[in-house]
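Every chain is named by a letter (A, B, C, D, E and F) in the order it is written, and numbering of its residues begins at 1.
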Amino acid sequence: MSERPSPAGTGLTHIGASGEAHMVDVGGKAETVREAIAGGSVRMQAETLAMILAGNAKKGDVLSTARIAGIMAAKKAHELIPLCHPLLLTKVSVDIEPDHDLPGLRVQALARVTGKTGVEMEALTAASVACLTIYDMAKAVDRAMIISDIRLTSKTGGKSGDYKAEP
Amino acid sequence: MSERPSPAGTGLTHIGASGEAHMVDVGGKAETVREAIAGGSVRMQAETLAMILAGNAKKGDVLSTARIAGIMAAKKAHELIPLCHPLLLTKVSVDIEPDHDLPGLRVQALARVTGKTGVEMEALTAASVACLTIYDMAKAVDRAMIISDIRLTSKTGGKSGDYKAEP
Amino acid sequence: MSERPSPAGTGLTHIGASGEAHMVDVGGKAETVREAIAGGSVRMQAETLAMILAGNAKKGDVLSTARIAGIMAAKKAHELIPLCHPLLLTKVSVDIEPDHDLPGLRVQALARVTGKTGVEMEALTAASVACLTIYDMAKAVDRAMIISDIRLTSKTGGKSGDYKAEP
Amino acid sequence: MSERPSPAGTGLTHIGASGEAHMVDVGGKAETVREAIAGGSVRMQAETLAMILAGNAKKGDVLSTARIAGIMAAKKAHELIPLCHPLLLTKVSVDIEPDHDLPGLRVQALARVTGKTGVEMEALTAASVACLTIYDMAKAVDRAMIISDIRLTSKTGGKSGDYKAEP
Amino acid sequence: MSERPSPAGTGLTHIGASGEAHMVDVGGKAETVREAIAGGSVRMQAETLAMILAGNAKKGDVLSTARIAGIMAAKKAHELIPLCHPLLLTKVSVDIEPDHDLPGLRVQALARVTGKTGVEMEALTAASVACLTIYDMAKAVDRAMIISDIRLTSKTGGKSGDYKAEP
Amino acid sequence: MSERPSPAGTGLTHIGASGEAHMVDVGGKAETVREAIAGGSVRMQAETLAMILAGNAKKGDVLSTARIAGIMAAKKAHELIPLCHPLLLTKVSVDIEPDHDLPGLRVQALARVTGKTGVEMEALTAASVACLTIYDMAKAVDRAMIISDIRLTSKTGGKSGDYKAEP
């Protein structure tokens, strides 16, 4: 029950001394502004992209549904990821842009908090669920879409320092 | 409010005649056994993979936590994906295998139902959340991990016919 | 624990013989197609309505956010309403129209199921949460908005017969 | 991804520069005690009201179920309203009083927090779900009940100042 | 991914051939009426019991809150118990009786479904959460309360046959 | 709506002056580090225990599934217990040990927070759900398992002082 160091040689902070999973103690960490940006993409047929964008041009609903799904999912990250701490997100936004070379859509999700723990999982969850929602809304015309490049783009705040992904 | 055909030229079943999002009517579809298998991968440093597998060799907690997270997420797909129908999953399983060439972990999620609608989103959500959980549990040692290849591998049952992804 | 008739003189099906709340047994009811339509309105300043519609003309986000919130809330009705049965919604849609005489927005929500119990609460919950979302998104400019007329408009299917609200 | 001013002419804080929905940044707001009170009513047949009150006189379950549903819903406001921030409610209460002139029940919900953002949506959600629960529990005898007057009654704390609805 | 028999010598249906957890396939099971009754108790100081019952005599809120919490928790069993299947409960009820010899309260929860899988976990979850709610509401006066005897009392329906606990 | 003292003679802090349930105001309480440890046990046939431990020796999945279920449930305590405040858990862990004399498994759950309210319910909920998960995973071989001794073991922090259960 006591706080034990990670098992020798693993460095995995979620694994206790005898290997069992637990939510690590963040009680001693400082409350600072922390931000994370995550990216992701959905590769699809050029025709599928054109359909989504045409629909979007008229009413915007595929993209706006995916954006809202991503934002709402950020608030659920601690329910989905077993050892993720609950926190009070102060801002979430999801941007979706077409990439005709992919071809497909690129998603970028930002999460921000004033708290004791980072928001990487919130940003990554938002990006993932936005991509899944795009898949769901277009799957009737293209089952072969592939979600890729779900990754942390940057991170600021917190003791572990800032991080910026290589391009 | 009435059931209208998809807007001409889009073929997107979730978009109504005037473009607004709605949950499509599956009331007329037959109750059949439907199954979907989805895949995904987490690419990481070889050292990160070794650490996870060493931890796994001893207690198995990174992989078993990710498996359970994936299974539980499948049951939440309709809460995460706005236009996804609720359904009574009869089986969910998540397998995770190391791929030393990647290097990283490959996730495969299976969902099955006897119902009126397919389980692609449940399998894809399970695969995504299992990958996110792996990221969460190993991010302290490797922030640059990338989740990719979230895709539908195969699908059986339902009127739209079977589907098998190209390798 | 046994099924007892409602307490004499109340007719309230959720109250047991000695008055305690319980979820009524619908196990003996037939599986039929059941549909409910509910309405609601948000009364606001004419300027607020104009702002929402202008925003909508460009990107549609207030209305599409409210529509999606309503649809997602229909799937949560049994979590919100203590004695409401879970069910497998086959269709949900939410329409929002401006009413310049109100002035404000009118919401109409439709829920459909093939099941043993009606979907009134799902339609009413969708309408309510769509209205609450409109309030949330416009409250910075108009705190005095009022949500009214949340009511069942019509209902079909089930043993208790069809229902149509008086205009 | 950057914080942009609201689109010219809308004043809608949830809409970004190009119109897409996002959760506004409250990170810079001060942590103060904030309180909101919301009201709502359910209009019904005088006989329905008498039945509920008679049931209540004996065991109190319709009203206590609605009160509890409202309190629990306040804690879910950020899950229901897409762009609503999560927060740590310090108090929620729901009062329900009969109004024989309506005839029906009047609901009043109070939410309080020490935090960076207001609790209007929490109070309004509590009032709405309490009303929906009353509808659910009495609908077998009166389908024509109407939920109205869901509104913010008062609000204190926060930079935007206090608010008191006109009677 | 295929259905494998339980690992030799374990008989644990949730463990796959190589030991990993998965949700067992119930797709081949028949849809029948299934019912489970579970019990539980909260042992407390006689004075605590007297307080609760006195409060209950006037307004009934401790017991009715616990009953409602138990009913709502039954609907969440599949979200709480990782390998539990979602199902469409047709009835849930929770009874709470004082036992002056304990001294304390005895909880009995009934769950019923027409489905492919049993409702033991739903009844047990309802009983557990009703007991936890009693603890929460009375803990200010008695921290030493103990929840015990959470057990399956009886079970009917399904291929595995009926079950009745020994007294 | 105002804060009223508890009804004379009850001392139950969740009951308002006229007996109705409400979430008590913790806004005036200090933010301090608070910790609670709760215990619980599952009594079973010796053969059932041996099976679980044998399974565990190979892959650890019964115990690790129960641990994760307990941790995730701690984060849901405020959703399950009607009058429980939401809070930002900084640490949760669940330990499970065999007790061959019982025979069965003993669960210990720890919850910690820096906040205005205690974490007893989070620890008790974690212990309960870990026990329910053990029951679920082993019920195919032993329906007569009994969950007992769900109790608060110790509590530190907060104005009401520390608490240590008698052995």
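The working rule: contacts are C-beta pairs under 8 Å (C-beta built on N, C-alpha and C of every residue); 3 or more make two chains touch, one makes a residue touch a chain.
This is a predicted model, so every value here is computed, not measured.
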- Task: Spell out the chains that contact chain D while also contacting chain F.
- Result: A, E
- Item | Contacts common to chain A and chain C (chain labels) | B, D
- Query: In terms of residue-numbered contact pairs, which of A-C, A-B or A-D coincides with D-F for over half of them?
  - Reply: A-D
- Note on the structure: Chain centres computed over CA atoms; the one at greatest distance from chain D is chain B
- For chain B and chain C, let me know how many angstrom lie between their CA-based centres, rounded off. 30
- Query: Where the centres are mean C-alpha positions, what is the separation of chain E from chain F, in Å?
  - Reply: 15
- Send over the residues of chain E in touch with two or more other chains. 20-21, 59-61, 64-65, 68-69, 72, 76, 79, 82-83, 86, 88
- Task: Examine which chains touch each other and state the graph shape they make (line, ring, star, complete, other).
- Result: other
- Taking all chains into account, which pairs touch? A-B, A-C, A-D, A-F, B-C, B-E, B-F, C-D, C-E, D-E, D-F, E-F
- Query: Taking the complex as given, what residues does chain F use to touch chain A?
  - Reply: 33, 37, 60, 63-64, 67-68, 71-72, 75-76, 86-95, 108, 110, 112-114
- Contacting residues of chain A [partner chain C, same complex]: 59-61, 64-65, 68-69, 72
- Message: For a test of understanding, state which residues of chain B touch chain C in their complex under the given definition.
- Response: 1, 16, 20-27, 78-79, 82-83, 85-88, 115-116
- Message: Quick check on the complex: what are the chain B residues that touch chain A?
- Response: 7, 9-15, 18-21, 40, 51-52, 54-55, 58-62, 64-65, 68-69, 72-73, 76, 79-84, 120-121, 124-125, 128-129, 131-133, 135-141, 143-152, 155, 160, 163, 165-166
